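Listed after this line are the structures, all set down as structure tokens.
Both of the next two complexes hold subunit A, though its partner changes from subunit B to subunit C.
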Partner chain A sequence: MSRNPLVREVSPTSWFFRHPRYLRYMSREITSIFVGAYCVLLVVAVQRLAAGREAWEGFLLALQGPASIAFHLLALVAAVYHAATWFNATQKAMPLQIGEEFLPGNVISGAHYVAWAVLSGGVLFLAGVI
Partner chain B sequence: MAKSHKPVVWFPFAAGGTVIAFFIPVIVLLTLLAALGHVPPGLGYDSLRAFAGSSLGKPIIFGVVALSLWSSAHRLRCTCYDFGLRADTLVATVLYVAALAGSLLVAVYLLGMPAA
Partner chain C sequence: MPPAQPGTVSAADAAPHGGAVASPGRPGGSKERTVQLEVLRYNPDTDTEASFQRYAVVCPEEGVVLDALNEVKASVDPTLNYRWSCHMAVCGSCGMMINGEPKLACHAFLRDYAGVIRVEPLAHFPIERDLVTAPDDFMEKLKRVKPYLIPKESKPIDAGEYKQTPAQLMKFRQYSMCINCMLCYAACPEYGLTPRFIGPAALTLAHRYNQDSRDGGRKQRQEVAATHEGVWECTFVGACSEVCPAHVDPASALQQMKIASSVDWIVEHLIPGGNGS
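Up next, the complex of A and B:
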């Protein structure tokens, strides 16, 4: 309890219910759990690949199943949400000044979305999906 | 002059956030296809092993995984704090050590895959 009347006590575990803006912030925070778990899966994947053909093909088989599909769908939503919010923030994080004028923010974010589409398309092409 | 270790944490965090934003969604999509039983040709053993064995593929795989791990560790640290887990030094140590260990393991696995 604070003796200072100007400092209000804020609950450390439920503060984010106080305003929808905080909830949006926390919904983005939660995506880090799924992205982090997926990164661990990537480390396992590299280990299985290094262990040889049988290990890798067993890993691909182990990926199948409803629980894995559900995890992948959650990870995909989390990754896309993280990406979109990250690109939306770029215009605030690195504003670009040309002469006296600032480049409009949506041009900076838009350029990131275009690069994202091109890179994703490139990876899908190299992987033989499209 | 004031010295801070923050740039050491922040640079790989920002780089990792960018790498995750650009590449993780499409990588998740590839393994989702594998989970659905439609393994993309690029995830077949021969093509992926050749990529991991090449001197171009090794730094790409290491860079994507290591930077994503570090960025995720930093974000999870902030998430723990925001959900009320205030033992920040402990949380930060566990998560950063885990990210470093994962990166080291990936480096070892990659070095164990010479060009076929």
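Up next, the complex of A and C:
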């Protein structure tokens, strides 16, 4: 029998519309843009701080504008979604075997949420918020 | 093979479409229903493109999509091609896309589907004929990861078996459940976009043997697994684990392999005297 297999190409620009799970994956990838943009903002903040009091106060004033507040809200939502999906995935990356049994995955993910809460509390404490 | 037809091809004795009818001849009086299938067909001798053909057959409500395909082949269109063998989700032969989801046709229950059921060959593999795909690429990759025990130390048969504790067995047991059905490859967008990717099942089997206390072949497998066409091509979409009918978790195996490979790199490059093994 002669072979003449039909090869089907996958569209590099629309493959993620094929199934909701791919859209969920892409939505998580997109949150990286906001996380990255916020890191850039922090670098700019350090640079403004190094530039002196006047530059720093100008930067703080700019942060209070509506565009800045909207960006911060979006970045917060994106960062929380990114972190939560990562914590949920940790149980796959680092399963813990104790004897013949494996620690339940939600214990591993839950430990990350606890560490997140403790560290966030520490940061807020150091910042004088709590 | 007849050309794909726009109309529906039905069994001559098909029940009224869309309804369920009692089947008094069946134990427990189980019901039957008319199942409408939209099957992607391709004849390598005459076609340049694949096209859909519709069928309507009567099947028991508790049946599976494979039963419906068998009914089509037996009573409507004997030219329809597809693979199957065990009819019990063990052999892994009847993998296909059912309403866009990689499934074993013998494990896709008709009761879970309403309306027309769209049946296509496994995504990301060339179509050999109708629902039959060419698994050559997967088989080649499977060989490359050496999915067999490479003993740490060989010993004569007289010396007895290689012993293992239950805890050592549990470390890799779930990964040994793979039935090579290739559903994970059809679900993995990375494999579809980058065909050089070794892929979920083959890498998971490499991990299975790497985790085996009797095995000493990890360094050989790493030559394939710890590369850009190996685990580092995986972007952790996780679809492979969602579709696996054997409840293997390839996504977990690949992430563990990434961590182990990273540790290898650190030992080799950052620790004096490290050899990365």
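Note that the second predicted complex is superposed on the first by the 123 of 130 C-alpha atoms of A that agree within 3 Å, B and C clash if a C-alpha of one lies under 4 Å from a C-alpha of the other, contacts with A are read in each partner's own complex, and residues count from 1 in each chain.
Everything that follows uses one rule, which is that contacts are C-beta pairs under 8 Å (C-beta built on N, C-alpha and C of every residue); 3 or more make two chains touch, one makes a residue touch a chain.
The shown structure was predicted, so the numbers you read here are calculated from the model rather than taken from an experiment.
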### Query
Between subunit B (first) and subunit C (second), which does A:P12 come into contact with in this model arrangement: first, second, both, or neither?
both
### Contacts of A:S32 with subunit B and subunit C, given as first, second, both or neither
first
### Message
By the touch definition at the top of the document, which applies to A:G65: first (subunit B), second (subunit C), both, or neither?
### Response
first
### Query
Which partner does A:A50 contact after superposing on A: first (subunit B), second (subunit C), both, neither?
first
### Query
After lining up the shared chain so the two structures overlap, which partner does A:L126 touch, if you call subunit B first and subunit C second: first, second, both or neither?
first
### Task
Specify the partner with more touching residues on subunit A, choosing between subunit B and subunit C.
B
### Task
Once the structures are superposed on A, label A:E100 by its partner contacts, choosing first (subunit B), second (subunit C), both or neither.
second
### Task
Share the list of subunit A residues that count as touching for subunit B in one structure and for subunit C in the other.
12, 16
### Message
Using the touch definition from the top, list the residues of subunit B that touch subunit A in their complex.
### Response
17-18, 20-37, 39-43, 45, 47-49, 52, 61, 64-65, 68-69, 72-73, 75-76, 78-79, 82-84, 86, 102, 105-106, 109-110, 112-113
## Note on the structure
In the complex, subunit C touches subunit A at residues 42, 44-45, 47, 49-50, 100-101, 123-124, 126-128, 134, 166-167, 170-171, 189, 192-193, 236-239, 241-242, 249, 251-252, 255-256, 258-259
### Query
Where on subunit A is subunit C touching in the complex?
2-8, 10, 12, 15-16, 18-19, 21-22, 25, 89, 92-95, 97, 99-102
### Query
Touching subunit B in the complex: which residues of subunit A?
11-13, 16, 26, 29-30, 32-33, 35-36, 38-43, 45-47, 49-50, 53, 56-57, 60, 63-65, 68-69, 72-73, 75-76, 79-80, 82-83, 86-87, 112, 115-116, 119-120, 123-124, 126-129
